[in-house]
C-alpha cells in the first residue's frame, strides 16, 4: 500500500527481520511450491504409467504418429530458453539491467516459439482425427478405442504443460515490466530468481514428457 | 420388528471372520479399558487442589516408549497375518465350485445359472456346496454384499471380479449393493435362498426348462459366425477353442496367459490385446455386438468344449498354428 | 493493569475498522478470524444436511425425502464437512492465528498468500454453494468413476471445481506453514523447543503440500472425462475406474491426517497446560506427528480391499496400514502418562481433551478392524466404516477444534467464555456423539450398507438411537455458538495468561497487538517449562 | 549485503551445460530409432534423468543451495516414487494370484 522509499530497493516486508531471511523464505517457498507441482503432474504420470503398462502395443503405435523431429527441435527450443533464463538470473545477480531485459525477452520469445510449435502439432493431430472423442479415427487393431487413452493423456499432459508455460510467459512479462521500472539490483533480484526456478521446472516436466510421449517404442516390433 | 445385535453366520467363512473380530474386539476392549481407567484414575487422584500447584516435571522414559510401541506392533502384526490368511481363503475359490454368473446394472442384479436358470435380485443356491460368482457390471461400480456370508466384492464395469462362498445354513439372506451406484442404490438388493440339495435340484428342474447357458452360448457362437475362423479341427485362421479353458496359452510376445473367464472376455471384446502365438491379429472386436450376458454365455460354451479327452496337451490345442 | 489502559491499547482487533480493513488484511490473526467465520458457516450448512439425513433414517421406508434428494444430502454433507470445514478447520483458524505467535514471529512468511488462500476457500465455497442451490450433486464426496463422469446428472462439475479451488487454499496454507516454521522462528526457538502444536502443524503442512496436488490433477482428469468423454477412467474405452480410486485415496487418506494431526497438536497443548506438566516423551510425540504424516501416504490402498485391486496390493497396503497405528498409540500413551502426578484441572478445554483421547482411542482401535483384510471385506462400505471415521473426524478432530477454541478464546478475544455453560456443552457433545455413532458400529457389523436411503426394518432400532444421539449432539454444537457470541460482550476480561500456560502466545497481551509482540521474544527454555509461570514447585499426590 | 554469499557461475559453465543438454536431446531421439526392446524405456528415462539433473543442479543452482533445498527436492522425488510404485503394486500384480 504505502511504499516506503528507503526499503523499496530491498523490498523488505515487515514480517521479516532481514533481507537474507526474506530471500531464504522466498526460495524455500518456491521450492516447496515446485514440489506441489511435481505431485500435480505426478498424478498424470501415474495414469500414464498404468495405461502404458496395460496397453504397451497400443501406446507404441499411437506414439509413432507423433512427429519426433518436431518434438526434438521443440525440446531444443525449450532448453535454449532455460539457458537464456539462467543468463537472465545471472545478469540479475550482477545487477545488469539491460542484460536482464535482453535475456528475459529472449526467453519469452523462445517460450512463445515452443507454444507455437506445440499449437502446430495439436493442429496436426486435429487434421488427422486424433483428438479423442466421437470424431476420433485410427486404423489398426484395437487402436480406435484404446489409442484414445494415449491421446487423452497426450493432450492432458501437454495441455497442462502448455498452461504452465503460459503462466511462465505472464511472469516473464511482469518481470520485464518490473526490470524496466528499475526494481531490481544485485541486492534484490529474488523475483527473477524465483521465476527462473519456475521456468526451469516447467522445462524439466517437458524433458520427461518428450521421451514418454514421443520416443518409447518408437521402433516398435 | 426383529432386532439383533449380531449377524447370523451362514457361510463357511463367517465363523472365521467372527473369531478374528472377537480377537480384535478383545484387544480393543483391553486398550480402551486401560486408557479410560488410567485417565479417570489420574484425573481424580491428581486433581488440582490449589491454583498455584506446580508438579514436578517428568520428561519421559525410553523403556516405557519402547514397551508401548513394541507390544501394539506385535499385536498388530498378529492382526495382519490372521486377517490376510482369512482374506486369502475368502478370495480364492476352490476348483469344484458351482459357477454362477452375475451381471449388475442400475439397479438390479441379473444372475445366471449354468443350467440356464436366470434370476433377478434373487439367487438360489444349495447348502454345503462352494459357489463361485463371476461378476461384471453394465454401467457403474456396484458391490455384491451378503452380510450373513461376511463376503463382499465390488462389481466393476469392463472386467470380471470373482467371489465365492459355501453356505452352511439353509435360509433366506439379504443381498445388498454396497457400492453407491446412483438414485436407487438402496433398492438394489435382493435375497439369497440357501436350500437343501434336494430342494435345490427340485428348484432347478422346476423352473422354465429352456436351454443351458452353454447351449445359448453355442447359438450365439453360431449366430456371430465365430466358427468360420475358430474351426474345431485346428485349420481355421483363429485358434481352435476345444479344451482351451483353464489351460495356459502361449502368446505371440512370448508370454503365457491362463485361459480364464477374464482372458476369454478380453479376447472377445479386445481381440488385439493378446495374440496367440502363430496367429495374425485378424479378429474384429465384438464390443457393442455382444452384451455382457452374451459374453458370459460364450464363456460357458467355451468351457463346455473342453477338455478334449483325445488331445490332452494344452499347448497343441491352443496354438496348433505355431507348429 | 486497569481496564482503562486495556481499552486504549491497540490490538489487532481495533487497529483498523470497516469491512475493507478485514477483507484486505494481511494480519494472520485477522485472517484466522475470517476463516473462523467461514468454516463456522460451512459447519452449520453441513450440520443441516446431517440433521436431514438422520431424520430421514428414523424410518426405514424413506418417506421424508426422495432417493435423489437423500443421495444429494449425504454427498453435500460429505463435501461441505470434509473440504470446507474439516480440512481448513484447525490449521486455517487456530493454526493461522497461533503458529506465528507460538514461534515468536510477527506474521507468517507470506501474509499476502495467506489472504489469497482465504479467498480461494471462499471462491471454492461459492462454487460448492452454487452447485447446492442449483440442484445439488449426488456422487458421494468420493466422486467414484464412472458414476461421477458418465452417469450422474447433477452438478458434478461445479462441485469438483469448488473442491479444486479450495484445494489450492489448502496447499498455500501448508506452504506458508512450512516456510514459516523453517524461517521465522524467533531467537532461541530451536526445533525441540517448539510447542507440539507447531510440530503437528508442520506435519500437517507436509501432507497438504504433497497430497493435495494429486487430488487437484485427479479432479482435472475427472472434469475432462465428464466434459469430453475421453476415456481416462471409462471402461468402455479401456480406462480403469479403479485407477481413479488410487489417485483419489492417495490424497484422501492422508487428508484424514490433515484433519486429525492438528487436533492432536491442540490436545498436546491442553494436556500439558491443564496438568501443568511437560508432555511425557516430548520427542516421541513430536516425531510421531511427522511419522503419521509420512506413513499416511503409504496406506491408501486399504480403501480398495474389495474394489478389484490385486490380492498382493491388498496385503501390502494392509501390512503398511498397521504401521500408522504405532505413532498414534504412542501419542495416546504419552498423553495419558503426562497426567501421572500432574496437577489436573477440569477446565472446559481439558474436558474436551479427555473426550478426544477417549474417542480417538475408540476411533483409532476400530481403524485396526478396517485395516484387517479379513474383517474389512465384511465391514467396508457399511456403517462400521461410517462410525469409525466419524469417531476420528468428529470425535477426534472436532473435539480438538472445540477444545482449542475454548482454550485460546481468551487470547483471541480478550474475554473468558462462561465456564458453566461450556462444561455443560462439552458433556452434551460427548454423550450425544457416542449415542449417535456407537450404534453405527453394531449396524455396520450387522451389514447395514452406507449411503442407503431405504433399509430393512431390522436395522431401525439402532437407527432411531443414532438419530436421538444426533439431536443431542446438535444441541451441544449450538450452545458454544451462542455463549461464545455472548462472551464477546459480557465475558470476564481475560488477562494475558488465564491458564498459567507456557507458550509464547500467552506472554503477549490478550488480544495480541498487531505485530504480536511489542518486542520479539528470546527463548531460553524448553517448551512446557512451568517453573516460570506458576508459584513454588510442590510435590503432588 | 548478502551478495557475498551468492555464487555467480560463469557463462561458460552455463553454456557447457546447455550444449550437453542439446547433445542429450539429440542422443535420446536417435536412440529411439534403434530397437532395444524393453530397454528402450530404460535408456529414454535414464537420459531424461540426466537432463533433469543438469537443469536442476546447474540452472536451478541446487548444487549451491542449502541442505534443506536438497532435502525438499529429494523428498518431492521420493513422494512421486511412492505414488507410482504403490499404484503399480496393484496394476502390475493383478494377474498374479486369485482375483
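By written order: A, B, C and D. Residues from 1 in each chain.
We take it that contacts are C-beta pairs under 8 Å (C-beta built on N, C-alpha and C of every residue); 3 or more make two chains touch, one makes a residue touch a chain.
Quick caveat, the model's predicted, so the values are computed rather than measured.
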Maximum inter-chain contact count - chain pair: B-C
Chain ID, smallest distance between chain and overall C-alpha centroids: C
Centre-of-Cα separation between chain D and chain C, whole angstrom: 37
Separation of mean Cα positions, chain B and chain A [Å, integer]: 45
Whole-Å separation of chain centres (CA-atom averages), chain A against chain D: 15
Rounded Å distance, chain B centre to chain D centre (Cα mean): 41
Residue list for chain A, restricted to those that touch at least two other chains: 24, 28, 32, 35, 38-39, 42-43, 46, 50, 54-55, 145-146
Overlap residues in chain C, where contacts from two or more other chains coincide: 182, 210, 214, 236, 238-240, 242-243, 246-247, 250, 308, 311
Where chain D touches two or more other chains at once, by residue number: 68, 75-76, 79, 83, 87, 91, 97-99
Chain C residues touching chain A - in the complex, by the definition given at the top: 105-111, 171, 175-176, 178-179, 182-184, 209-214, 216-218, 220-221, 224, 228-232, 236-240, 243, 246-247, 250, 515, 520
Touching residues on chain C, where the partner in the complex is chain D: 182, 210, 214, 240, 242-243, 246-247, 250, 297-298, 300-301, 304, 308-313, 316-317
List of chain B residues in touch with chain C within their complex: 1-7, 16-17, 20-21, 24, 27-28, 31-32, 35-36, 38-39, 42-43, 45-49, 51-61, 64-65, 68-69, 72-73, 76-77, 79-80, 82-88, 90-91, 106, 139-141, 143, 145, 147-148, 150-154, 156-159, 161, 174, 176-187, 270
Sites on chain A touched by chain C in the complex: 13-17, 21, 24-25, 28-29, 32-33, 35-44, 46-47, 50-51, 54-55, 132-133, 145-146, 148-149, 151-153, 155-156, 160
Residue numbers on chain D that touch chain C, as the complex places them: 68, 75-76, 79, 82-83, 86-87, 89-91, 93-94, 96-99
